[in-house]
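Next up is a structure, given as structure tokens.
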Amino acid sequence: MASTEVHEEATTAELDALFDVLCVWGRWGDDDERGALNHQTAAHRAHAAGLVVDGTTVSLARDLPVAPSVEAPVAAQHHMLTSGDALDAQGLPGYEACGDYIGTEVHGLGTTHVDALSHMFVRGLMYGGRPASEVRSDGARRNTVMSLADGVVGRGVLLDVPAAHGVAFLEPDVAIGVADLEAAEEAEGLRVGPGDLLVVSTGRDARRAAQGGRLDPFTEGLAGLAPECLPWLAERQVALLGGDGISDRMPFRPTPQWPFPVHQIGIVAMGLHLVDNMALDRLAQACAGAGRHEFLLTISALRIPGGTGCPVNPVALL
Amino acid sequence: MASTEVHEEATTAELDALFDVLCVWGRWGDDDERGALNHQTAAHRAHAAGLVVDGTTVSLARDLPVAPSVEAPVAAQHHMLTSGDALDAQGLPGYEACGDYIGTEVHGLGTTHVDALSHMFVRGLMYGGRPASEVRSDGARRNTVMSLADGVVGRGVLLDVPAAHGVAFLEPDVAIGVADLEAAEEAEGLRVGPGDLLVVSTGRDARRAAQGGRLDPFTEGLAGLAPECLPWLAERQVALLGGDGISDRMPFRPTPQWPFPVHQIGIVAMGLHLVDNMALDRLAQACAGAGRHEFLLTISALRIPGGTGCPVNPVALL
Amino acid sequence: MASTEVHEEATTAELDALFDVLCVWGRWGDDDERGALNHQTAAHRAHAAGLVVDGTTVSLARDLPVAPSVEAPVAAQHHMLTSGDALDAQGLPGYEACGDYIGTEVHGLGTTHVDALSHMFVRGLMYGGRPASEVRSDGARRNTVMSLADGVVGRGVLLDVPAAHGVAFLEPDVAIGVADLEAAEEAEGLRVGPGDLLVVSTGRDARRAAQGGRLDPFTEGLAGLAPECLPWLAERQVALLGGDGISDRMPFRPTPQWPFPVHQIGIVAMGLHLVDNMALDRLAQACAGAGRHEFLLTISALRIPGGTGCPVNPVALL
Amino acid sequence: MASTEVHEEATTAELDALFDVLCVWGRWGDDDERGALNHQTAAHRAHAAGLVVDGTTVSLARDLPVAPSVEAPVAAQHHMLTSGDALDAQGLPGYEACGDYIGTEVHGLGTTHVDALSHMFVRGLMYGGRPASEVRSDGARRNTVMSLADGVVGRGVLLDVPAAHGVAFLEPDVAIGVADLEAAEEAEGLRVGPGDLLVVSTGRDARRAAQGGRLDPFTEGLAGLAPECLPWLAERQVALLGGDGISDRMPFRPTPQWPFPVHQIGIVAMGLHLVDNMALDRLAQACAGAGRHEFLLTISALRIPGGTGCPVNPVALL
């Protein structure tokens, strides 16, 4: 189809057209707020549980950034409310407890988090054609993270693009194309299909390590998916997309009106929940060791009424 | 064994003795911080994945309390940072996004959360014999929620005590005993065993509904486990304990020095992670409908360095 | 003037008219954001400094509510970041310091705070005729608390209405009228005039004490000013209005569209900054002891770009 | 007195001795928590009010840093709770209001704040000889910011050291000595005396402007007072010390155990409240214009039970 042919550095007109072609608003009813998660069935989940072989668990999340850094300029807030120096604070003999407070910006670049479908807008509209005004200062009214209230569970697939190319990590300016995704599929001996929770690695952690442990994504960039992957994701009926970057390349693309096409078209047109800033090095190692890159993946957001996303700790069960 | 014989309203001496008998410090090495989770093996987890039948997912969490209430006097903070009225806030044409901040006290009574092993102390010591001073105002140094960094996954078992007794909910002053747990096992046709993630229902949600939607656990109380269940949990090698209350009865028990024996002995002596304030009505319904009360359960805490617990949204896959 | 004649329980039509009559939009230029503070001159402030006699200072603020209560359902957050148990946290030998975090909702009923002119709207407009859309989710663009960036200093006048009537406190349903204000003036031997920072006492603290220390303003109400005081405040050219309640009576008035007329007409039409929830018992005592109810008053809000108000600790120098 | 003779780069032994000589613990009673503020009398404050000439007010505070920067790596949190897009959020016809949340670390380098006497310790003790353990994770028990609950008011004196030397700002490595302070006194025609609130300018704002608006105090340093000024401050009976830096030089001094001698000896031994990170350019301009560098200064901290300091907006009335 002509309109899904996009160049690596797509034009505004191409992305305008791509948005329209990939737009699924109304496909699952006018009130749908789950988007591409509708590609997944209970049978898919039951099947995914059958993939588990040895019972290893691996987290796909980074530590919450409790101090500011170049990757997380706005740190999370971890405050002890009572520590071991105040065991009598409750005034109840024998009750010796401590506790803390945790707070964070949901969509921070240094935080592993899921984007709800209310996180992005195109021309003032979010998924389903709902106006931006339905995200108000007292919370979102539509497309909130409550769409994930019962958890996201399914077949997780790691496409380890650097490994498929025999490198430790992708250079920051790389645009991952369909050929790269399919090369990884071939290397791993699997095929991404309906309902899958797709995770694409760019080797961000390895790149940071190679740079001595410090990587500023704002100035040094991050590899990401080229817009041509979007039709491919739709065709494969992927339910959710995650990555160790933000799926989009950083810094933003120069195409007018389309600085972050994966976020803009993926979330808004396709209803694709994104998980940003995953930690994938340990998963990649575990998958390589096990010789299989599919697993049962659980992504469990907190139940935040009105929320536009949530920090998460996705867990793979291999 | 005489010392594990405790009355429903145990004496201080009985609980002192019970603590000593159930104390497992050092069993898994001097540096162990996982406690009873050591009862669980990878094989257990792989087996648990095999329990999945139809792929239904059910959350075991309550909504985060974003407004104060009698159950959650200290509300969570959900603040929009940019909403639909500030789409140009990023100053990047076409980039229309919104975002929010979420913060909460970890151990709030209205919040579904996991208690790390640093949450409780007995006589100034926490699990493993570590002194309270290792939980400092800048975070815990030992027994943090990072022990759960790769997620907790295993066979979840719901013991639906009210259902076993043919009632909708337990009265607040009820002390659940071993006979009650075993009655539920029998009614459900299963047996709690090594590595299980045990969830005990008291019917809190049904009780709240019966009271018109308002239930103050501080003044009206919550049913919970009698201390005699603690040796039973140890014998069965349960890996983690959750419930719709706080596992302990509320308000606190009058036994001097032992106001919350399940928290005090369970967490500190036995290394038992607790999950408080779960929402179990939908799970109970799903289990009853499916005719099975075992499932694959995933509890995924955020990776909070120094944290003493975390709000969670446990997800059952049936 | 007929249109400023309002009954104690004014009608919607009367308050509509009152708004129009008292509206000063444009009087001090189209870009004005200081409103009634324009009534005050530097000469007024210099004169006010001359009122100081003995150098006594008295705070007019309540303690920040660091725990929830009936008066402050949403508590402030005072979190220690490092306390005395973490003196080595900075890693610098000899540098032994501690520190904390303080956060609060600005307009909480239990918090002494100033309302900026962006806090209220009437029919979608704020002071100066600016649309509500200029207060965005990323902050106010107009009429922010930055209008007070150099502090509010002037002649403070305490009108102690209960004292003028020989009672300890006003009953919650009392509507303070012009006659009450003038009775207090007469009793105190002064006259409120241009540029004054007017503080009206209802005896809230004494009433709380009389009730055993607990006073729920939501259910038990608070005395406040009748709408007929608004023209009087305008005529006297008062620069700012504060009180131990919220200046308006609580709970809200039944007049359709005008539940809180002092906030709605005072802030929006008249450009009157309000200070809510002051603590006035000690000031009343000091004034009575000194035999004078005028003093130098300083109200110093933090410089919060985009802020709609600020918690404050007003200080009287007698 | 030999022991107060300290070199610009003092030795550990010299500062040990200086601490002991300047220590005033017990001078105002064993329970004193006001320290050097005791040098100030009500008569002093009444006299200070008489210094006011023309009624000009000038803020000595910087804007709260609502975004992270090199000067304020941990930003304050200004969150709108309801903005102009949610005027109906209260559900009360006609009540159209908005509101916000403000939170901040108290002692941030980018924040104008007062240090309470509980902020610093020397060898585990704070002012008055109280142990560090009295600052607990649930708040300070002693020497809190509540010592300032009625405000700090008095004669403010600006010593404009750069102006006295005919330069725009001091180089970052400059150690201001007694001769510099006295040169400024002479240039300004005044003498610092008992009860004064002393403000020392280093020209930080001018230096930042000269560097194009960006000044990283961590790497580029800040001028500050040499330890030899401490005996001078004691002799002059200064009640409080503020500055546009942190009074100490930055980065920390290499003297073992004494990295920040003004904080360590000033706060702990002398009971001197410090105000850090003031904005002094406008005040310096106003003072120069008026030809007088003394004024009425009001520093009003919020009433935070247990607080170790507070962000403030000090206001000068000239």
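Order of writing sets the chain letters: A, B, C and D. Residues in each chain are counted from 1.
As a convention for this text, a residue touches a chain if its C-beta (ideal position, glycine included) is under 8 Å from a C-beta of that chain, and two chains touch if they have at least 3 such contacts.
On a predicted model such as this, the values are computed, not experimentally measured, just so you know.
Peer 1: Using the contact definition given at the top, which chains are in touch with both chain A and chain C?
Peer 2: Touching chain A as well as chain C, we find B, D.
Peer 1: Given a C-alpha superposition of chain A onto chain B, how large is the rotation in degrees, taken in steps of 5?
Peer 2: Rounded to the nearest 5 degrees, it is 180.
Peer 1: Chain A-chain D contact: same residues or different, taking over half shared as same?
Peer 2: The interface of chain A with chain D is built from mostly shared positions.
Peer 1: What whole-Å value do you get for the distance between chain A and chain B if each is reduced to the mean of its CA atoms?
Peer 2: 28
Peer 1: Between chain B and chain C, what is the separation of their C-alpha centroids in Å?
Peer 2: Using C-alpha averages as centres, the distance is 46 Å.
Peer 1: What whole-Å value do you get for the distance between chain B and chain D if each is reduced to the mean of its CA atoms?
Peer 2: Chain centres of chain B and chain D, defined by C-alpha means, are spaced 47 Å apart.
Peer 1: Taking each residue of chain A in turn, which ones touch at least two of the other chains?
Peer 2: Counting only residues that touch two or more other chains, chain A contributes 77, 80-81, 83-85, 98, 101, 133, 136-138.
Peer 1: Viewed as a graph of touching chains, is the assembly arranged as a line, ring, star, complete set, or other?
Peer 2: The chain contacts form a complete graph, every chain touching every other.
Peer 1: Under the definition above, what is the set of chain B residues touching chain A in their complex?
Peer 2: 41-50, 52-59, 61-64, 66, 76-78, 80-81, 83-85, 87, 92-107, 118-124, 131-140, 146, 149-151, 153, 252, 256-260, 263-264, 296, 298, 300-315, 317
Peer 1: So in the complex, the part of chain D that touches chain A is made up of which residues?
Peer 2: Those in contact with chain A are residues 68, 73-75, 80-86, 89, 98, 133, 136-138.
Peer 1: Please give the residue numbers of chain B that touch chain D in the complex, ascending.
Peer 2: Spelled out, the residues of chain B in touch with chain D are 77, 79-81, 83-85, 101, 136-137.
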